[in-house]
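One chain, chain A, appears in both complexes that follow, with chain B as partner in the first and chain C in the second.
Moving on to the complex of A and B:
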């Protein structure tokens, strides 16, 4: 019998989207070039080599270690890249992702990543090229909507702020804005101006965002309407209270 | 002051809370409509700050030319918006004025909004107000800015003859 992982319970569209995010089985909605991604991340100049923090592992002469033999290093670790970060904020107004599901996505689908989950933002730290790979998937697929999610390294606030009149999540530092129907970013994630305008793609319509979101909301798909999820959440809380959470 | 619901002649405080944060154009339109109404005593505009410079992180000091930070015109007076207007608190002369303000909001907003009556601006001086403003402070100044920040320069006085409380005796 083939084992199919069961990532998340529930029969609603929100539960199905949560399963998609965790499994990494995602629909690609837009294209962002490597150069543009490097520019908005702001860690190195687009087109330049990856700066390294140590020589490539092959040249280092690693000590004999059974674990090192079992575990294949990630491309970034192999090359000795620096550890760098990408951070996203998602609006609570039906953004496709939430910090927890970005973390589940990163931890389930990439090796050598260190996801950090906060209330209104989510950060992934990894070797530079590994982090870029993870960031690119998040930018190009249904995990992000350019209007309702934002790559923000500093002054991340926006998650719980009402949307602007044009339906874009508020950004105090004006890193990105709606221009001619698409979202344009002309600053990097810490608001240092870029010499280019990066097209992040068309924002989702309100209906599409409501369909693709992983957020339960009373004005869209209410949490209490998903009986299986409620049952499992109760079960987890109950067992955690009774025994300490021991899922295995 | 009577607390009776039948008494509609006392000043009221209302809060307008739109479901979207307002663009400068909509804020200007709304304020223009509000200032057309007789009996608006005080208006406080509140929202997220729009900084001129990046204040935190590696980009500290970089310019932010936020498109929402624009000058608007109210009653012929040009005001530079330093916030993205998200909430307005008003003191109005009576319940009739309140209904007129509600109609103005319905006219201007293409989206839903919350409109509530309550106690949003101070009516009595606190010890800090007393220390900062003295014993004979203008009651209209109370609650308009944080007395501890002490920046009363942020207050903008708009000359509006209609703002006089029609219920007040000469």
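Moving on to the complex of A and C:
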């Protein structure tokens, strides 16, 4: 019998979307060129070589090591890339992703990634070209909506702030905005101005965002309505509590 | 009650987001709208920021070295969204956000000063030394004489020795010693100025509990000068107190200054009869006694006095402890002692401003009283048995209500713009509610941890990185019998394993401890001596209303102690 990972409980669209994010079985909605991605990440000039912190592994004469033999290095590690980051903020007003599910997505589908999960942002650190691969998937697929998700390295607040009147998530540093029905970004992750306007694609409609989101909300899919998920949380709670009850 | 608090919460949202503050142009906004017009007016929209900008310019000019300049914020200055005020929960006081940083708030400073500069010293052991070893007579008259001497000496007045320098009384006028006892006959004999009268300060039933707990013992409530405590540390409190106590005994009882019995009196004051507010911390944190890291949640609950002034509203009692705890443990202990900086204020204020936690808690009170036959009312025979099923029911309803409130009121969500703020509020409400219903603080802790799990799964996010460690593993510690894990909440404190690094928790834990006992109608949480010691209206900070005091500090109406105006050039 073939094992099919279960990933996540729940009978609602939110639970189903969570399973999709974790599995990596995602719908591609838009395209972003490598040059544009490099520009908004802001780690190196578009078209330039990857800076490295050490020579390619093949040239380093590594010691004999069974672990090194078992674990195939990622392309970034092989080449000696720096460790760099991509970080997203996702609006609580039905952005497709939430921080934990971005982390589960990254950890389940990519090697050599170090996801960090906060309330208002989610970071993935990895060797630069490996990180870019992960970032590109997030930018191009249903994980992100250009209006409700934002690539932000610093000054990230916005996830819980009311939306702007045009439906775009607030950004103190105004890195991106709605122009002619599409979201453009003209500053990089840490708001250093770019020499170009990068087209991030069309915003999702309210209906589409509500359909694709992984956050429960009382005005869309209420958490209390997904009884299987609540029951599962209770089970985790029971088990952790009784596990700690050790009278010896 | 819950309806009134809900109305108060809505009013706080309207004050914050639907009325103009300074020149922020927020007037007329809808507190339930999901969108807003962000005017990006910058820091000048806030009256306090304007004052600070002017001060920064003046300072830079005067000293020839730049200082405060909000335009240095990378990318754009603060104020890209509206700068809005805070209502202190349970009050009508509206404060500027900056005025809730403890540096800008004298009431916050004084609350901590008043705790740090306090110790309790038993009198009975010293009296036994005087009577049995030296054959001296101890009577109410000699005690009164001793206390008169001590109230001269404790602030820094000289006794026994000649040609001693002394402190100026006007700089140390907040320093004094009173006594309290469970012996009504003795209390009647002591000069009224020196006594904390338990019968006067507490409701009758609580007074009986307290007197039964401390018996006929007698204790000194010592408050050394604020200015001394600020120049030294909490460990100095008992040393300063013991020196003046020893000298006053010598003087009042005509002892020989060098006789061996003095060492016994000194040992009694410094060790054997000493009760500190906080315990010493281990070397890796290296703090003396009477520093916040050693102040247990039970002790903080006993220091806060709402339990005697509003005993029929246990939710209110717990909320005042949460507020005081968040200020002390988050803003001062973790925010400054352990970390440094300004960010911790934002975490802490979430728990004591804008009536958001109050609204969640009073909703829970109604829910419990409806479902569990008045279990959230004061009493011992109305409590529901603490079980995982009860905890799950109450904490789940509390958390879901809180989450849905944030969802229905986008302004509340924007007010608590960080996940750690929301996690504090949701978990504190759940924990306090489970405590109130069961009278069991560890049931409350269980509720806290379940709330964290539910919150994380509902929104796919929780707080910052650290919440995952503390709040994911915490449930496994609640009922553990292993010594360093399963401690009752009352005896846990900021240095408890896993509690030592995370903002937004410790005030909640203190409130949970308090809720269990306030719900039962207990006169104290863990230590009756502390409860009585702080039942004293002469203290500069009113420990019965900490949230109101923080508000008074914010609007610059609070008068602190330890000021140095007397000895500095007049401005």
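Heads up, the rule we're going with is that the second predicted complex is superposed on the first by the 243 of 248 C-alpha atoms of A that agree within 3 Å, B and C clash if a C-alpha of one lies under 4 Å from a C-alpha of the other, contacts with A are read in each partner's own complex, and residues count from 1 in each chain.
Keep this in mind: a contact is a pair of C-beta atoms (placed from the backbone, for glycine too) under 8 Å apart; a residue touches a chain by one contact, two chains touch by 3 or more.
Bear in mind the structure is a predicted one, so any value in this text is a computation, not a measurement.
On the superposed chain A, the positions of chain B and chain C overlap enough to count as a clash.
By the document's definition of touching, of the two partners only chain B reaches A:193; chain C does not.
Using the contact criterion defined above for the overlaid structures, shared-chain residue A:118 touches chain C, although it does not reach chain B. Of the two partner chains placed by the overlay, only chain B lies in contact with A:177; chain C stays clear of it. Of the two partner chains placed by the overlay, only chain C lies in contact with A:98; chain B stays clear of it. For chain A, the partner that touches more of its residues is C, with chain B and chain C as the two candidates. Contact with chain C, but none with chain B, is seen for A:230 once the two complexes are overlaid on the shared chain. Once the two complexes are laid over each other on the shared chain, residue contacts for A:163 go to chain B and to chain C alike. Judged by the touch definition given at the top, the superposed model places A:153 against chain B, while chain C stays out of reach. Of the two partner chains placed around the shared chain by superposition, chain C is the only one that A:217 touches, whereas chain B remains out of contact.
Chain A residues 154-155, 157, 161-165, 170, 172-174, 190-191 lie at the interface with chain B in one structure and with chain C in the other. Those residues of chain C that touch chain A in the complex are listed here as 33-38, 74-76, 80-81, 388, 392, 396, 400, 403-404, 407-408, 410-411, 413-414, 416-420, 422-423, 446, 449-450, 453-454, 456-465, 468, 473, 475-482, 485-486. In the complex of the two chains, the chain B residues touching chain A come out as 18-23, 26, 48-51, 54-59, 62-68, 84, 86, 111.
Note for the complex: chain A touches chain C at residues 18, 92-93, 97-101, 116-120, 154-155, 157, 159-165, 167, 170, 172-174, 190-191, 214-219, 222-224, 229-230, 233-234, 236-238, 240-248.
Remark: chain A residues 42, 153-155, 157, 161-166, 170, 172-174, 177, 187-188, 190-193 touch chain B in the complex.
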